[in-house]
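Multiple structures follow.
Paired with chain B in one complex and with chain C in the other, chain A is shared by the two complexes that follow.
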Partner chain A sequence: MEKKGKGNRLKRSERRAGMLFIAPIYLQFIVFFLFFMAYSLYMSLTDWNILEGTQNFIGFENFKQILTDPLFWKSLWNTLYLMLGIPIGMLFAMMAALALNRRMVGKTVYRVILYLPAVSSTVAIALLWRWIYNAEYGVLNMLIEQFFGVKGPNWLGDPDVVKISLIILGVWRGMGNTMLLFLAGLQNIPKEYYEVVDVSGGNAWHKLTYVTLPMMSPTYFYVIITGVIGGLQAFGDQFIITGLGPEHSAMTVVYYLWEKGFAEYNMGAACAVAWVLSIFIFVITLIQFKTSKSWVYDGNG
Partner chain B sequence: MKVHTKQRLTNAVIHVVMTVVALTMLFPFIWMLSTSFKDKMHAQIFPPQWIPDPFLLDAYEEVWEVAPLLSGIKNSLIIAIPVLLFGTLSSALAAFAFAKMDLPKKNLLFMALLSSMMIPGVVTMIPQYVVWGNMGLVDTFIPLIVPGTLGNITMMFFFRQYLTSVPNALIDAAKIDGAGWFTIFGRIMLPAMKPAIAAQVIFWFMGIWNDFMGPLIYLDSEENYTIQLALRLLSNMSEATSEYPMIMAGAVISCLPLLVLYVCFQRYFVDSMVVSGIKG
Partner chain C sequence: MKTAKKIVSVLLALILAVSMTACGGGGSTGNEGGSSGGNEGGNKVITFAGWGSLAEKKIFTAMIDKFEETHPGVKVNYQHIPGTQEDYLVKLISLLAANKMPDVFYIHSDEFYSWVDADRLENLTPYMEQSELAASTKIWDKSLNIFRYDAASKQVGVESGDLYGLPKDLGPWAMVYNKTLFEAKGVALPDPKEPMTWTEFVDVCKQLTDGEGINKVFGTANYTLEAAVWSNGADYLSEDKTQVTVDTPEFAEAMQWVADLALVEGVSPTPEEDSASGWFQRWVNGKVGMAWMGPWDQATFWDSVSFEWDIMPTPVSDKTGKGVSWLASAALCVSKTSEEKQLAYELAEFLSMDAEAQTYNYEAGQAVPNIIDMAKNDYLSMNKAPANKQVFLDIIENPEKGQFKSVYFTKNTTWYSYFNAESSKVWSGEMTAAEFLKQIQPAMQERLDSGK
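Let's turn to the complex of A and B:
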């Protein structure tokens, strides 16, 4: 009887300590997530403007205005277009990972160099590429003229080229990260699978197409999910390198939100954009999870 | 013998290809460094000059006076240090509780925290700005410090994964010796988590150093600018006069701390990637 009482007391003290340990992070969750999420939902239903001082309830008016604004759809289109960089980056990263997944002198050096852009200061990289892409004095167009004798494109000033310029930068910056993930994935493939191919008389090409590439599907899934969530929130590069771009050709959804909030001070509309974006991210992620069952290898055959 | 030769040939081909790839990846950095050691004239001559001649340090000397880079570095550290110190402690405590302790409705509490990662940060950004504004705290570091000191859910998740590999026997033994939960955390858990803490702190530091949108929204006066805002200011002021060597010198300076961290702690980058990315 006494022993049980002591056990209960210990259990109670453990629970008390545990609740105390999670208290700070829960305080953050409740205040900076739950509370402000509810606040944001409320604001999205008002004409909250901190410049004009209005904050009247207007129902779904903000959502209606955004969804009928051609500029919003353009920014969504731009954002999706820029995400073309995800498959391109994956392709290059996969080739690099396959090349480096072997015993070879100097492979660490290549790995470090490819990852370098990912560990550089963001604004520095943006300013560097802004300089490289400069139509007149940028080194890229100088090289094009030097070696091909033609004038290069106006990388940041031509609405048809701006997005391609941003994709090149994105692939360059993100490739090292994806390659490290792929290298880790490659090392997780059990050796026996390759031995089976050997026994049944397959060659290196069979190993690649029947074992390596399909077995990497959980990694592709992770890279695509995180890439899409990050890509839908693109903002900084555009803000620094191109601004809105010629004819708003570089305006992303978050950039659109930023304009609503911090150029027009229309906080209600900015919150509504944030919610439209969240719903969009949620639906896309859900679709990816649902379809993943048909193509992601889950270890059960 | 034949297999051996074939393997060597493959390696040689890969070396050639990877050298070309590596040089392409490095080319922007080479141009950044090269420009930063030139004068304004030589930065723009055709054909491009790869090795600066004359080789000048002027941009590195003058850049500090053109833009508030030094106070930018200082301000970024003022934000990073308390956030990393308290935020890491808070994340580690919560991770310990979720991994090793008995809590009522533990899984529900844990999943609720994780679910918040699905909502993009811009959702809570606007009302937060409004509330900090009403409190008169815009253009101070408070909005950039306070939320982070309470923890970081990604970090907490990573720590919890890591702690599942620490044997419970260690905790049981300490309990028999009459150690309290704080002692167990401080004497056993923290030391066991050292590599995970190192990796996560480096990543978080990079995130704070590179944060652009937060400071852009909250900090108005130049003396409060973080390193990223100071860099942007440098570019805004120097581009009209084509002072590209200066801008590139500033860019190099802002990259240096991150590159030093990367070179010194390269192992952690790969480790934390593997755990958080694939097994997590």
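Let's turn to the complex of A and C:
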């Protein structure tokens, strides 16, 4: 009896100490996330105009307006379109990672070069690519004319091309980061698996298709999840390089949100857009998690 | 237990999703915003916020120094907000949300309606009635009337309304031509009084246009749509500003005429050419015959343009014989929440009406003076380009030659920004102006209606 009581007391005090240790993160979570989430949810149901200071409850009016606004759907379509860059970027990053995951001279230099875009300032990159994409004097169109003898497209001025330009830029920009993740993934693959292939008489191609690529599935999963979430929130590059783009062709959902909030001062609607986007991200992420079981290798069989 | 775990993980995922999007929107709250009124070592401190070029910043710093000299014990904290007018508004909204409104700040005439209607601006009428400077200084009526607002009828620009802003300046948008280029091509210079008709204008453009690729010289560039539309007797909105009237034949004709300058006549850069090198750059490089400018461009042109230039009357539509361009202004407003309203008013008034400050402003090539006498005598006789300064004054004084953009009269301005973003369909030649305008009118009307 006595022993058990003592143990309980010890357990209790340990639990108290444990609680104390994890309190900061919970507090931070409650104060900085939960509170503001609840606040923005409430505000999305009001006609909160930041300039006029109104905050009347209007129910789902904001949501109704957004979901019936063709411009919102256009911005959503643009955003989804831009996410085509995710698989393309993964492909290139995988090739780079495979190439650099060997003993070779200047490996570090290549890695640095490929990673550089990821750490450069958005504005500097925007200026650089505006020049590359310049329809008349840009280096890209000069090369196209040199090699193919045809005039290149108006990369940033043509509504049908502007999204492709942004995808190319996004791939270039995100590649270094993805490559780094892939490199880490590659180095985590146990050597034994490759030895098995050797023993069974397989060649390098077999190693790649039967060991390397399937074993990387957890990394793909991570890259896709974060890529999709990041893609749905795309804003900075578009905002600086193209603005809205001709005929709103480069307007993303977050750009739409920004316009609601800061051009129309309608923060209530902006909150509503944020929630629509959040729910959208949540559903997509949930689907990805649900379907992941069938293709992500988790090390347990 | 298992279900509890599931619920928690779903909740966590949801939170992750929301917290990540939440960062997208409102992350730009400024913290360098000044305090709104107050004391600093026994001195009174007021804050003044504005945007503009670095040249403008220099001038306003000098003007503020003069204000501080005449007001001992007063310190003005000047927040120059770099970037575009749009960046400035975002910043101002952040300051508003943080309860850190500057005491005095600019509001562009296009944005004035929303701000005055939201009751964020102090009524300056009582201050002005007691001011000696205001009583003894004659500035353009128009420049004051545009910042009047009648709270009962919720209308701006009403002469009987109260005053909510003092004009920083009146900015007439005038056509400017490259004199050196005209002379080099042997083309007769535009008459300083008699405007060209559109037909004559296109003709002159053709004579000036020459060359290929990078070195192509264009007759004109960036022809202002307002100047074509109004000159042709059309307008964006109905008289009472409730109906979008872009779907008229006159409007379509004017818009098509502007588009065809590039598409058919080849005397103006196409959108593609313009995205390669902007019209302003082309103009500064001497590759454009006739473009547009406001008085705020004078300083830049004096410094960085190597050719001679002058301004000319707005070309007139063959049909109407009228040539109308736009006129804009920025108000110097006093925040409703300012703790030093009298002082704030005095600063706004000083910047707007003080003779010395105004002289400094026009001599630095930033504006046409607000004071009528000064504009008509000292400014007109100033020995610097443009020679034909009367064109600026005509656009200011004559309602047949200059008017405020339609967005000035509407609270919600998205109908206009939407139009501008979509109009590239016409500039690129994808649609004719008539088709486009017919198609876009309902969407514009919807936006206009939603702003009420």
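By definition in this document, the second predicted complex is superposed on the first by the 267 of 301 C-alpha atoms of A that agree within 3 Å, B and C clash if a C-alpha of one lies under 4 Å from a C-alpha of the other, contacts with A are read in each partner's own complex, and residues count from 1 in each chain.
Throughout what follows, a residue touches a chain if its C-beta (ideal position, glycine included) is under 8 Å from a C-beta of that chain, and two chains touch if they have at least 3 such contacts.
Everything quoted here is computed from the prediction, not taken from an experiment.
For the composite obtained by superposing both complexes on chain A, the positions of chain B and chain C are in clash.
In the superposition on chain A, A:37 makes contact with both chain B and chain C.
Applying the stated contact rule after C-alpha superposition, one finds that A:149 touches neither chain B nor chain C.
Of the two partner chains placed by superposition, only chain B is touched by A:124; chain C is not.
Of the two partner chains placed by the overlay, neither chain B nor chain C lies in contact with A:59. After overlaying the two complexes on the shared chain, residue contacts for A:263 are found with chain C alone; chain B is out of touch. In the overlay built on the shared chain, the residue A:201 is in contact with neither chain B nor chain C.
Look at A:254: by the touch rule set out above, it reaches both chain B and chain C. Between chain B and chain C, B contacts the larger number of chain A residues. Contacts of A:246 after superposition on the shared chain: chain C is touched, whereas chain B is not. By the touch criterion defined above, A:49 reaches chain C but does not reach chain B. Comparing the listed stretches 117-125, 153-161, 171-179 or 189-197 of chain B against chain C after superposition, the clashing one is 117-125. On chain A, the surface patch touched by chain B in one complex and by chain C in the other comprises residues 33, 36-37, 40, 50, 137, 229, 232-233, 235, 254, 257, 261-262, 267, 270, 274-275, 277-278, 281-282, 285. In the complex of the two chains, the chain A residues touching chain B come out as 11, 13-15, 17-19, 21-22, 24-29, 32-33, 36-37, 39-40, 43, 48, 50, 96, 99-100, 102, 104, 106, 109-110, 112-117, 119-125, 127-132, 137, 139, 142-143, 145-146, 172, 175-177, 180-181, 184-185, 188, 218-219, 222, 229, 232-233, 235-236, 239-240, 254, 257, 261-262, 267, 270-271, 274-275, 277-278, 281-282, 285. Interface residues of chain B, counted against chain A in their complex, comprise 11, 14-15, 17-18, 21-22, 25-26, 28-29, 31-32, 35, 43-44, 46-48, 86, 90-91, 93-94, 96-98, 101-104, 109, 112-113, 116, 118-131, 133, 147, 150-151, 153, 156, 180-182, 185, 206, 209-210, 212-213, 216-217, 227-228, 231-232, 235, 242, 244, 247-248, 250-252, 254-255, 258-259, 261-263, 266, 269-270, 273-274, 277-278. In the complex of the two chains, the chain C residues touching chain A come out as 10, 13-26, 86, 89-90, 93, 96-97, 114-115, 117-120, 213-214, 271-277, 412-414, 417-418, 421-422, 424-425, 428, 443, 450. Across the complex, chain C is touched by residues 33-34, 36-37, 40, 49-53, 65, 70-71, 134-138, 154, 156-159, 229, 232-233, 235, 244, 246-248, 254, 257-259, 261-265, 267, 270, 274-275, 277-279, 281-282, 285-286, 289 of chain A.
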